[in-house]
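Let me give you the structure first, and then I'll get to my questions.
Labels A, B, C, D, E and F are assigned to the chains in the order they are written; within every chain, residues are numbered from 1.
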Amino acid sequence: MKLKLYLASIMLVVMAGLAPIAAMAEEKKDAAPTVSAAEATPAAATAAATPAPEAAAPAEAAPATPPDVKPVLNTGDTAWMLVSSALVLLMIPGLALFYGGMVRQKNVLSTMMHSFVAMGIVGVQWVVIGYSLSFAPDLNGMGLIGNFSKVMLNGLIVMKDAASGTVEWTLFQNYTKEPGAIPELVFAMYQAMFAMITVALISGAMAERVKFSAYCVFVLLWTTLVYDPLAHWVWMTEGWLFKKGALDFAGGTVVHLSSGISALVFLAFLGKRHGYPTERMAPHNLPLTLLGVGLLWFGWFGFNAGSAIVGVNTSDAAGGLAGLAFTTTMIAPAAAGLSWMIAEWIHSGKPSALGFGSGVVAGLVVITPAAGFVQPGAALIMGVAAGLVCYGGILIKAKLKYDDSLDAFGVHGIGGTFGAIMTGVFATVGATGLLAGNAKQLMTQLIAVVAAGAYAVVVTLIITFVLDKTIGLRVEKEDEIMGLDQTQHSESGYNM
Amino acid sequence: MKLIEAIIKPFKLDEVKDALNEIGIEGITVSEVKGFGRQKGHTELYRGAEYVVDFIPKIKMEIAVSDELVSKVVETIQNIAKTGRIGDGKIFIIPLEEAVRIRTGEKGSDAI
Amino acid sequence: MKLKLYLASIMLVVMAGLAPIAAMAEEKKDAAPTVSAAEATPAAATAAATPAPEAAAPAEAAPATPPDVKPVLNTGDTAWMLVSSALVLLMIPGLALFYGGMVRQKNVLSTMMHSFVAMGIVGVQWVVIGYSLSFAPDLNGMGLIGNFSKVMLNGLIVMKDAASGTVEWTLFQNYTKEPGAIPELVFAMYQAMFAMITVALISGAMAERVKFSAYCVFVLLWTTLVYDPLAHWVWMTEGWLFKKGALDFAGGTVVHLSSGISALVFLAFLGKRHGYPTERMAPHNLPLTLLGVGLLWFGWFGFNAGSAIVGVNTSDAAGGLAGLAFTTTMIAPAAAGLSWMIAEWIHSGKPSALGFGSGVVAGLVVITPAAGFVQPGAALIMGVAAGLVCYGGILIKAKLKYDDSLDAFGVHGIGGTFGAIMTGVFATVGATGLLAGNAKQLMTQLIAVVAAGAYAVVVTLIITFVLDKTIGLRVEKEDEIMGLDQTQHSESGYNM
Amino acid sequence: MKLKLYLASIMLVVMAGLAPIAAMAEEKKDAAPTVSAAEATPAAATAAATPAPEAAAPAEAAPATPPDVKPVLNTGDTAWMLVSSALVLLMIPGLALFYGGMVRQKNVLSTMMHSFVAMGIVGVQWVVIGYSLSFAPDLNGMGLIGNFSKVMLNGLIVMKDAASGTVEWTLFQNYTKEPGAIPELVFAMYQAMFAMITVALISGAMAERVKFSAYCVFVLLWTTLVYDPLAHWVWMTEGWLFKKGALDFAGGTVVHLSSGISALVFLAFLGKRHGYPTERMAPHNLPLTLLGVGLLWFGWFGFNAGSAIVGVNTSDAAGGLAGLAFTTTMIAPAAAGLSWMIAEWIHSGKPSALGFGSGVVAGLVVITPAAGFVQPGAALIMGVAAGLVCYGGILIKAKLKYDDSLDAFGVHGIGGTFGAIMTGVFATVGATGLLAGNAKQLMTQLIAVVAAGAYAVVVTLIITFVLDKTIGLRVEKEDEIMGLDQTQHSESGYNM
Amino acid sequence: MKLIEAIIKPFKLDEVKDALNEIGIEGITVSEVKGFGRQKGHTELYRGAEYVVDFIPKIKMEIAVSDELVSKVVETIQNIAKTGRIGDGKIFIIPLEEAVRIRTGEKGSDAI
Amino acid sequence: MKLIEAIIKPFKLDEVKDALNEIGIEGITVSEVKGFGRQKGHTELYRGAEYVVDFIPKIKMEIAVSDELVSKVVETIQNIAKTGRIGDGKIFIIPLEEAVRIRTGEKGSDAI
């Protein structure tokens, strides 16, 4: 079918992309100075409270090295990170509502469960192994995956500075020379929520026909084999894409691109819903969907503005960089909601509420990788573009006739990719993009996009293939018609 | 006795009910139905997809009446429910063999 | 009609009120010492960590003057303001639910969209021009409106103290002499949310019949022409009402009074819903409305306790003043929910859930201008009164026979006015009101109420008149009967 | 009936438990050194930034004594406590949805009102008298109840250090020697939310048949007579259980056990719903219930991680201890959701969404008393056990044939008790439990459980008995069949 | 054959259904309707406004039976659905010319 | 004229409607009903409790037709709605004495 052709061409592009990756992998020694140079230029209005020479430190300091300064707890930063973690967690029920309202009544619970059970499975997985794979020191020095030293969150509660007589919690170690920091446990929890929501995003493509047992296994495998490595690549100081200088403020590639493209792969095996596209499959409860949009936007402030903690140019989680990320996270969805709505108004004659809401989500997705790297004006442009691009993204679906029920690929795949690339165009804060004269950054972004996309595609292909041959991905046709709530969960959403 | 079944536009329900009360009809049973007919439905927009909603929400009234009241009831409904535009609905008259009031066991015209 | 008569008399009162304003405008020189005197008295248990002499500084320091002390980022304050901003944003979906649950099923989406689209339109407007009109230095020194220096949030990201070699974010400038501060971007975002929600409040009066296109234009014009100037008058250190010493902790006049009274004006042109008041127009989904109440209360802690940042007597956003505002924001709605419920129980025989919820909102509205100025006991009294006054407010509607669908005027107009005046009665913290022997404050409050109300009425009259003559305010009768969801947005809320 | 027999045996156990309590009450002098010893051992990886000798101070310092160090506002801690307070408040609408979705359509508003009206009644009660009863200095030195010195939140806004010339807010006084602290008003508000939600939890047992007026009176009496004393016993430094060293991080005994067991007592008088258990009483709106689960989990981070403020071993609200509590509050519900779901899958053949959601709540309940005392691994074990134990708890109901409509006892009573006891088994952080070789702690936990349970049972028995004889607990049978929304509140949840 | 249409109080549905099963009726079609009649509705409170809800929720049962069963069915419904209070409802008996079981094509009494 | 009442499985509605349109039927009135019959319902799980949901959601179609069309309509419904599995539903044929189009006042076959 068309979809498989489409996937094949994606694979081709990916392979082509691997060449420069391999090539550039050689020059990783050079990468560090490039970054620090960018930081030293006065044009890059960075947020670092420390003088420029020290700003380059993160890239150098090996995590095993003892800290040069005794880390001191910064309660303000910690407060903000605690809140951000809770906010990101709330996005998952928000997503459950967003998706749940869009399906038919007979599938509302099964769709919501896709998000909820991800909290359960990934919540446990992260503690047991996921955090270690993502954020423990590198396994073999190639920047591909973490080792097992932080399994069961081991070592996140220890006395750190027994010599001086003070009892202390381990603080976040990426920036050992910073005078203010947060407990690593808080960082681990913040990242846990990202892992939970990413796989839940994929479920939008599977809604209304996937087998619950297969989905549960998928969640576990995908998070372990796709998400954890990608997080290590991009956000860990030792990850190869981090070292290469790829910019991903809060998860454009790691979260949205990876989930969106994986959704597409899954679809190739899963097939269309019975009755699609002839039967009317109107959303059964749009007020729930709009509430979901509201909770997502609210939680996304934690997602983006909380990510100042992993930014290379900041010592403060709750400082100017968070303020900037917060600002762009307000602007882009506002603009994208409007641009999607207006596009629809012109294109189909009426501005729908679902259209506005979808635009808001598209804007949030697109600004995610750029949140702390761009100025408000750029956020406005990216927001407007986000609405238009993702509106186009869902129209493609009708053309290609694949059945991405809730547009996981159309919004997250396309939006995440677009955002990651645009970051390389518009970055001016703490990094420079194409418009600031740094074409190299755009190339780096493309490499990151292709590498992450390729990796996600290949591994998801394998996982899905295996599941398809073993458990089977899809419920019986009869069960699908009866609805998944009844046949997978033995309950019904409403008894009114 | 007859069972009169009328399919009308929803926003006319209150008026029709009041008019029927005035001519002495005390009992009516009403349900929400979907009508397919000459009147066409609207389209709905969802994420770029357009669905045609081809049914129209209608109200179905059922009124059991003794034979002599039939024409008066039909007339009343017709007058009040009529807007002159397509989709105003139908009135069906069905023979009714017996009616029973559960509370008292009364039968026939006494029961309605 | 009655309503027009009512409006005419409001206008008269307003005109009468303008006389003392003009009179008192002369004595603005005297205002500053009055305020600082109040602060110096030990009775005014203020929150200022700085000695009294410096507390008077804000009124003196011109914004162009370079700061006397190098501002230092306070991460705790910043964390709280980031959170507060997100909380206020969440109030808007909360309002969408609160309103959306109260209309008939056929209008649920259109009603929710009134709130959501305000996030889009005002979100963009604020960045482009709104923040500058409200919080940039004064345009012409008359305290009426800001100039254009902060258009596109210009200058909120700069190196502030290049001399000392440290790179820094601009911090919030109202209190340049304070040692601890927050990034101005965070302040700008906090204020953005206020602008969004204020205009959305008005939509409650228009529900179930307004034309969507007209509403969108209204949102843009009203925010620019009414809200932005009012925010400048009351909250900017150079605003004429700020200088006069008018107290409005978190928006009694700027937000609630202005939106409520504007709703009333709009109604005069819009007219009643078809079928009102004979047809039964019962709320279609009260659980959504109650959820809205819950989200509003939750978010309102950001609204009120976050406003400690603009208080004259505090250097800390997350300190004692925030604690006090938080406390009164807990007490007043609890008391008002009960008093409305009991009033209804006595008056109509049953305590309704919608009544309790409406009381909670009334209490929140009334305590808003007073939140950081009154003691817990006063908050309790104001809360009880709030429930009774606003319950009365909605009964008036039945008398005067105007159709304020969701009581935007009855709750926000009446509640906001009542709260602003009561602040002049009960203030004891950081300011003194009538009961603390300062009758002058009450007079100042009355002036602020009349001035803000008059301004809002006049400008809204003009906007509405123009819209009515051009786009038209109201949908066709047939469309109204079919429902706005279908006719304005081509969708339906539920497909169950 | 069986239920009364069951209660009788509980009473017996309770009486038996009172003997050792009386016995151990004698040795309260010894308790203090025990605690400080535990703190001094290096094995207890405590979070105190202060040296060990000072850590013992809290137990010694009488609240009337002037502070040794001038308290300094910590804005980070304050920010986190403001947020935590708001988060706990949001749990109450969350509970309203959780419960409201589970009842039949005709009772949705009345069920939601049980939670909402508790916010009103307890909100006012707490300010007027509750806070003082719970957290004012001891009335008679027996550690049973607070005196009246803080009625109307008296004295929480005062100048504290007039001598030094600086005006200041009262800070949280439990730890007068700590250099960083939060305003006491914030602490009072944080605790207010706990009082609100605790009584609302009980309403789950009463749903669908209780008379609204009786419920309102119950809320007032129970909070004053049961909750306030228990809070004083366990969380006030002078409370007898606090002094005895009972561990209850965030409310296992005070909140969950007390409410759960009181629910059971109430049931004995209230009786079953008409039609129970033969009639089908399926939840009318499970998406609302799932949303409630999401909001509860979100808010619970404030509930548990905010409780670091009352921990004996920390000076920082937003520090490592909060991080640990946050972590366990993520792990336990994730694990419990899974274990309940899997138990159900095996036992009944299908994993239900309500089952997963119930498991999440069970996990939250069980981890509450232990949140800051146990390691992540222990949280995982406790979580898994929570799901299984509470799933068993609701199966018991079917056996014993009492009608706990929404499982207030099955989840909160059983889960709270289980969690409190397990805390004595697994504690390793800042205290030691059985597995760390301290069997005494387990005994102390048992005493606390029995004492709190016994007290709650006895007082609730009296309150319920009196209400039953006066107002009457239950609506007429006809009204019950018509639904409480219509008969108690004159409204209906939906008009669709 | 007859089509028996019974309007009853909702909370009686289960009992009536069970009783009909006992006398050998295997098929019933049920719908939710709103009744207007002698029984009066309740008032509802919303923000100080009071609305009279003048319809009462009722259940409509339709049962196709062969002629000989009619009286037994009517009797059963009457006995079980009766509370003696106003609003208990009605039973209507309508002539039925033919019945077809879609699955098998059976006709007449065999079909029901 | 006859009033044809068909109880069918919900997912067959669209097909049946289209087929009837094809044979010239222009008006149909549809409602959602619950069926009790030989087909058994499913069980639902809530907090350890299992409820048997003994009704099955069905669709009721009402179609007024002139006598000559009856058999064609019945046949069409039967052909399309049939899956061969239990629960396919029933078709009832009821005598219809009169039909009125509200909009025009037309009567009899002209009205439908």
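Here is the rule we use: contacts are C-beta pairs under 8 Å (C-beta built on N, C-alpha and C of every residue); 3 or more make two chains touch, one makes a residue touch a chain.
Since we're looking at a predicted model, the values are computed, not measured.
Steps from subunit B to subunit E, taking the shortest chain of touch contacts, total 1. Between the contact lists of subunit A and subunit E, the overlap consists of B, C, D, F. Simply put, of C-E and D-E, more C-beta pairs touch at C-E. Over half of the residue-numbered contact pairs at A-B are shared with one candidate from B-C, C-E or D-E, namely C-E.
The distance from the centre of subunit A to the centre of subunit F, with each centre set as the mean of the Cα atoms, comes to 49 Å. Rounded to whole angstrom units, the spacing between the C-alpha centres of subunit A and subunit D is 35. We define each chain's centre as the mean of its Cα atoms; on that basis subunit E and subunit F are separated by 18 Å.
A separation of 56 Å divides the Cα centre of subunit C from that of subunit F.
Contacts with at least two other chains are made by residues 31, 44-46, 53, 94-95 of subunit F. Within subunit A, the positions touching two or more other chains are listed as 74-77, 79-80, 83, 282-283, 285, 291, 348, 350, 352, 354, 489-492, 494, 496. Of all possible chain pairs, the ones that touch are A-B, A-C, A-D, A-F, B-C, B-E, B-F, C-D, C-E, D-E, D-F, E-F.
Per the touch definition, subunit A reaches subunit D in the complex via residues 73-80, 82-83, 85-86, 89-90, 92-94, 96-97, 100, 108-110, 112-113, 116-117, 119-124, 127-128, 152-153, 156-159, 162, 165-170, 182-186, 188-189, 192, 212, 285, 288, 291, 485, 488-496.
Looking at the complex, you find that subunit D touches subunit F at residues 277, 280-283, 344, 348, 350, 352, 354-355, 358, 391, 394-395, 397-398, 407.
Of all residues in subunit C, only 279, 481, 486, 489-492 touch subunit B in the complex they form. Those residues of subunit E lying in contact with subunit C across their complex are 44-53. Listing the residues of subunit E that touch subunit F in their complex gives 3, 17, 26-31, 64, 94-103, 105, 111-112.
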